[in-house]
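To start, the structure itself, in structure tokens.
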Amino acid sequence: MASQFGVLFRVATWGESHGGGVGAVVDGCPPRIALTPEDIQRELDRRRPGQSEIVTPRDEKDRCEILSGVFEGKTLGTPISIFVKNEDARPEAYREMQSAYRPSHADFTYEAKYGIRNWQGGGRASARETIGRVAAGAIAKKVLAEAVPALEIVAYVKSVHHLEAVIDVETVESQAVEQSIVRCPDPKASDLMIELIKTMRKEGNSVGGVIECVVRNVPVGLGEPVFDKLEADLAKAMLSLPATKGFEIGSGFAGSRMTGSEHNDLFEMREGRVTTKTNYSGGIQGGITNGEPIVFRVAFKPTATILRPQQTVDVTGSSTELMARGRHDPCVLPRAVPMVEAMALLVLCDHWLRQKAAS
Amino acid sequence: MASQFGVLFRVATWGESHGGGVGAVVDGCPPRIALTPEDIQRELDRRRPGQSEIVTPRDEKDRCEILSGVFEGKTLGTPISIFVKNEDARPEAYREMQSAYRPSHADFTYEAKYGIRNWQGGGRASARETIGRVAAGAIAKKVLAEAVPALEIVAYVKSVHHLEAVIDVETVESQAVEQSIVRCPDPKASDLMIELIKTMRKEGNSVGGVIECVVRNVPVGLGEPVFDKLEADLAKAMLSLPATKGFEIGSGFAGSRMTGSEHNDLFEMREGRVTTKTNYSGGIQGGITNGEPIVFRVAFKPTATILRPQQTVDVTGSSTELMARGRHDPCVLPRAVPMVEAMALLVLCDHWLRQKAAS
Amino acid sequence: MASQFGVLFRVATWGESHGGGVGAVVDGCPPRIALTPEDIQRELDRRRPGQSEIVTPRDEKDRCEILSGVFEGKTLGTPISIFVKNEDARPEAYREMQSAYRPSHADFTYEAKYGIRNWQGGGRASARETIGRVAAGAIAKKVLAEAVPALEIVAYVKSVHHLEAVIDVETVESQAVEQSIVRCPDPKASDLMIELIKTMRKEGNSVGGVIECVVRNVPVGLGEPVFDKLEADLAKAMLSLPATKGFEIGSGFAGSRMTGSEHNDLFEMREGRVTTKTNYSGGIQGGITNGEPIVFRVAFKPTATILRPQQTVDVTGSSTELMARGRHDPCVLPRAVPMVEAMALLVLCDHWLRQKAAS
Amino acid sequence: MASQFGVLFRVATWGESHGGGVGAVVDGCPPRIALTPEDIQRELDRRRPGQSEIVTPRDEKDRCEILSGVFEGKTLGTPISIFVKNEDARPEAYREMQSAYRPSHADFTYEAKYGIRNWQGGGRASARETIGRVAAGAIAKKVLAEAVPALEIVAYVKSVHHLEAVIDVETVESQAVEQSIVRCPDPKASDLMIELIKTMRKEGNSVGGVIECVVRNVPVGLGEPVFDKLEADLAKAMLSLPATKGFEIGSGFAGSRMTGSEHNDLFEMREGRVTTKTNYSGGIQGGITNGEPIVFRVAFKPTATILRPQQTVDVTGSSTELMARGRHDPCVLPRAVPMVEAMALLVLCDHWLRQKAAS
């Protein structure tokens, strides 16, 4: 179950960064949804390496194949199997990892857990694993587009290191996000972020940041009251992404420094609909959507791979120094934006199906 | 499934705040674990209302009964059913809620989701639901105490509103936490927090804050590599608690403002064990424990119930004003400390069993 | 998970035969379904001991309480907790079981699995565990009665030992079943069966038999294509009942002795609906209902408890002789009829909800 | 979930008979198990078409690829993805199925359920889907071979139509099974069965039969007490196979015609081990293995595809006649033997892992 996600819209991903390839099987997709490889490829292209000058130059085309579950351009209701070959794998770049643990990577913990690991790359801990998630998210997007046509999801880079963008969650559009190679729709902040990331690359260093995501026109009633609160499933989804360190919804940590009279979202009628004056709740109350925009943020740590010598230990327990040689991102955030959207879409699509059954 | 949690150590909670009672069924508890009602009662008493002058005076003894799964003081390996009666329910205090939605409560979303709700209290959204979690957490604690005797878990109030405590995660002890009625082991901060909460109560207002939790002497290898990363399951567990708005592990959001060379936790040998010089990872790498302390923080919003008139709408869609009369907490954090520990214990116990199977 | 059943309509049962009581928690029941304790009690009364002269005289009223999930006579969509106290427990009747294993009971295997067991009765292996199932089945019945009003389910005793009844699956009604204390709607066979069971009781012996169940007016499209075929879930449901040894659907084992040209159910239109001339398929094709009656049979072994001295071994591994003294059924079938119906209803209700989500 | 099986050793299969291929993803396989493509191919070859003169001549090599989860010949503990291309697909043979429903196939029910189907073959209802199961079963076999080296599993054709073999469950060996192209280890019965199947083929007809399976040297304690009884999971596993109509364990339906004094398996010590004199229980008591051989039987109906004109209806609801042209098996049993073994191995491996966690 370690590699499965969702209750009714269920995704199983598989594959190591260095091996035959990576993929996903989506079980529970409703039938008769229009779906082409291009629908999936479009999202994979936003995730793939080599897409701009500030991401890893690993040259993976990440071409996806749909092996099952689709017939004459429509989903069958049966499992959809997606396959992406690994092409530009260079295991020799990882030779040192066979014997030494890279700091803040998963080499040591995988070895400790399994007593074995594929040292020719990051294995399942590699960002390549997220290809299956992004592909599955693209399918969820198509399902929701038919079920809830008005629904809009936009994720973007809110901050890189100390650089924070100013963005209006009510109006921000994907198009503006995609015009920035760092995927920050505030042009001024975007320029500064790109500059910072380039500097970091030159210095062999890396930076972290925060991705914000807004979902507008969400149906009311999604989410379950206790353990499967919508924000709980979103939190799990986000913290399951590589390099994430935090999640907050609505007012988040800042909300912990407010009083009740400031924080409560007063109800009012607007266009015949129950709405709230403010949205500190982030669109979810008691675990269930209230129709206001869902707004959440995800903290990403700086990429662990840096091109500097670092102290570590090897598999025999001796001290050693390690100098990474792989091709990596000085900042994961630009490529993480489609991952955040994909995971949010998986959660929403799953809960939309669950609510269909429950209501 | 909405009310079930865990894969192998599986908890199902049930019960509304106003009804026959609340409870939990724990399925998957290993056999032959010593367990008495007192083991559970001890934790419930830390959660129960009326325990101090800064929490709600609702007078619930919250006496638990073990109805099954235990024989002659030992678990049988079969489901353990825990039952706590509701006693001091005063549905009349909630009369207004029948027709109007309390701001930032779940009245509106439950109505939207189900087309029906038990308006005589918070229903499943009430903090009473967490009784089942705390009871189940007490059982998980007993299991882990036999399996991993050195394991220590301590949660405490790290901040209330703008008041932040200074606490050493390496050495903080439960005893120090329990000496403070606000459950903050920094005596100076504790006093200020108590004063602030009393002021808030007088003003009919409320405050939020942050709970921090540390788990020491965790075995290496717990957690699954992809979707069920340990931090992902912790995030879900915490965001499933009422009133939570954020979760962060290790460096958290602050980590997003660091560089890789600052953030990486260099490996070194200490007492024959692979350890890290720093612990920005928060004890988890690639979703799997590395043996360092797990450190995470949970943001709680200010209690939604405030004793002030508030604007809202009623079930017919008309504007109205609502003035709460129930007995509530001006700050949920003191009683939320055992909830945070309980949820963390459920996650750890579940993953400990999973790792037993996997290794 | 050992004690949980269903995907969306999910039942968790708990309780030993000798302990605080037994119960069930039903999670995933749709909201706004009319439900009273009487709806549940009616089915429990069909299952309870002491109901006639041919079943065990253990005097359990099996009065159920609904502790949660229902408000003003309607389901809330939240977990429904059902509780039935154990009253006429006589643990002293089981004293010998503390040290010796009853043949063809679960004493030995529980001891082998758990290293502990509640020897004061059958524990979870007791037929009392099925109270939770029958209660949950009664709830499923209410859900289906609103969703698919035409649906009819009738189970009955098809055979006891060598006595086989003649029953028309197209027309048999519950009323006719309930008129017979052995729950066989063929009056002639019923009389012979009752006589045989009385003889068995006198001889301190027991008999088995077969229960047949028919479900009419099933919607087309229920069941999933691969592992969760409707007949697969029915088979699991039935083989999870105590004392069952076999399951067959439609033509069953007899179908294995037919040729394709005899066995194929030819399609034809009837009243504007696709139907089949014959129903060897038993209402399910490719795991999915085709609208024809579902017909299946379940084989029950003779009750293991017989009032005769039997050779066995004790917990120290020595040979011994055991003579049962408990109050037991010479034939479980009359009381198993509502269990079979309950389990079938759980499967149907779960798949009906699943199909709602999927279509 | 429709296409997923197992709790800890979890298999997801995917693929239609006519499409890119079929496959399986196995999640939860323990690490460091030796595994090569040949281990899987060996079992697939027993299942594949064209292997003998009495099975379908469809020419599929069914060559499997392991795409992930294995490194240097050992499992990694991560998902194992198996892929088998479809090669000899001839969709034109299925042209008629586009508009008409084949009797006793799943064409009508898939259409009714999904409103769409891949009519170029049996889709997910095709026996090709079982490739993923057999591949996963081969992996389970390797896991169990390391964990329980003495465990032996042997399935074989017990009967075809009215022809029943005489086989000793205590001694039958796989080698004897494989020497017969019909996979019946009783040479005399085997010859008669082969002759009968050839006659059926000539007549364009088909026959069913019964497969028996014995598992010897099973550890005691496998299986869960209530819903996940080992026989319940075996029943589900078997009834999820295409063309199955019944399942029985131990005494099965014949046991329903016995008395308790005949049927009870008396305990006795043998070689220091608790054993039973007889084995009417079929190796399982109270859902849990007792160490005696597990013995069960599965009924298969005659193949639905027969080469004779048959009355049916088309998608517009008009009567029509259909004459199959595809390449099919006159009797599925020879190829179903490895499927039965595979499904049994999946159940046993899953429960073995579950028991590891639970004990």
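Order of writing sets the chain letters: A, B, C and D. Residues in each chain are counted from 1.
By definition in this document, a residue touches a chain if its C-beta (ideal position, glycine included) is under 8 Å from a C-beta of that chain, and two chains touch if they have at least 3 such contacts.
Not measured: the values here are computed from a predicted model.
**Student:** Determine, using the mean of C-alpha atoms as each chain's centre, which chain is farthest from chain D.
**Tutor:** Using the mean of the C-alpha atoms as each chain's centre, the farthest one from chain D is B.
**Student:** If I rank A-B and B-C by number of C-beta contact pairs, which comes first?
**Tutor:** Higher contact count goes to A-B.
**Student:** List the interface residue numbers of chain C and of chain D, divide the shared ones by all numbers used, and answer same when the ratio is over half, different when under half.
**Tutor:** On the two sides of the chain D and chain C interface, the residue numbers are mostly the same, over half being shared.
**Student:** Where the CA atoms of chain A average out and where those of chain C average out, how many Å apart are those spots?
**Tutor:** Distance between chain centres, rounded to whole Å: 46 Å.
**Student:** What's the distance between the Cα centroids of chain A and chain B, rounded to whole Å?
**Tutor:** Computed value for the inter-centroid distance: 26 Å.
**Student:** State, to the nearest whole Å, the distance from the C-alpha centre of chain B to the C-alpha centre of chain C.
**Tutor:** Going by mean C-alpha positions, chain B sits 39 Å from chain C.
**Student:** Any chance you could list the residues of chain D touching two or more other chains?
**Tutor:** 1-4, 7-8, 13, 28, 31, 77-78, 113-115, 123-124, 225, 358-359
**Student:** State the interface residues of chain A toward chain D in the complex, per the touch definition above.
**Tutor:** Those residues of chain A that touch chain D are 1-4, 7-8, 10, 12-16, 19-23, 25, 27-28, 31-32, 65-69, 71, 74-81, 83, 113-118, 123-124.
**Student:** Hey, which residues of chain C end up touching chain D in the complex?
**Tutor:** Touching chain D: residues 1-5, 7, 13, 101, 103-106, 108-110, 112-115, 123-125, 129, 159, 161-162, 200, 205-210, 220-221, 223-229, 231-240, 242, 244-253, 255-269, 272, 274, 276-277, 280-282, 284-291, 299-306, 308, 310-313, 317-319, 355, 358-359 of chain C.
**Student:** Chain C touches which residues of chain A in the complex?
**Tutor:** 8, 28, 30-31, 77-78, 225, 353-354, 356-359
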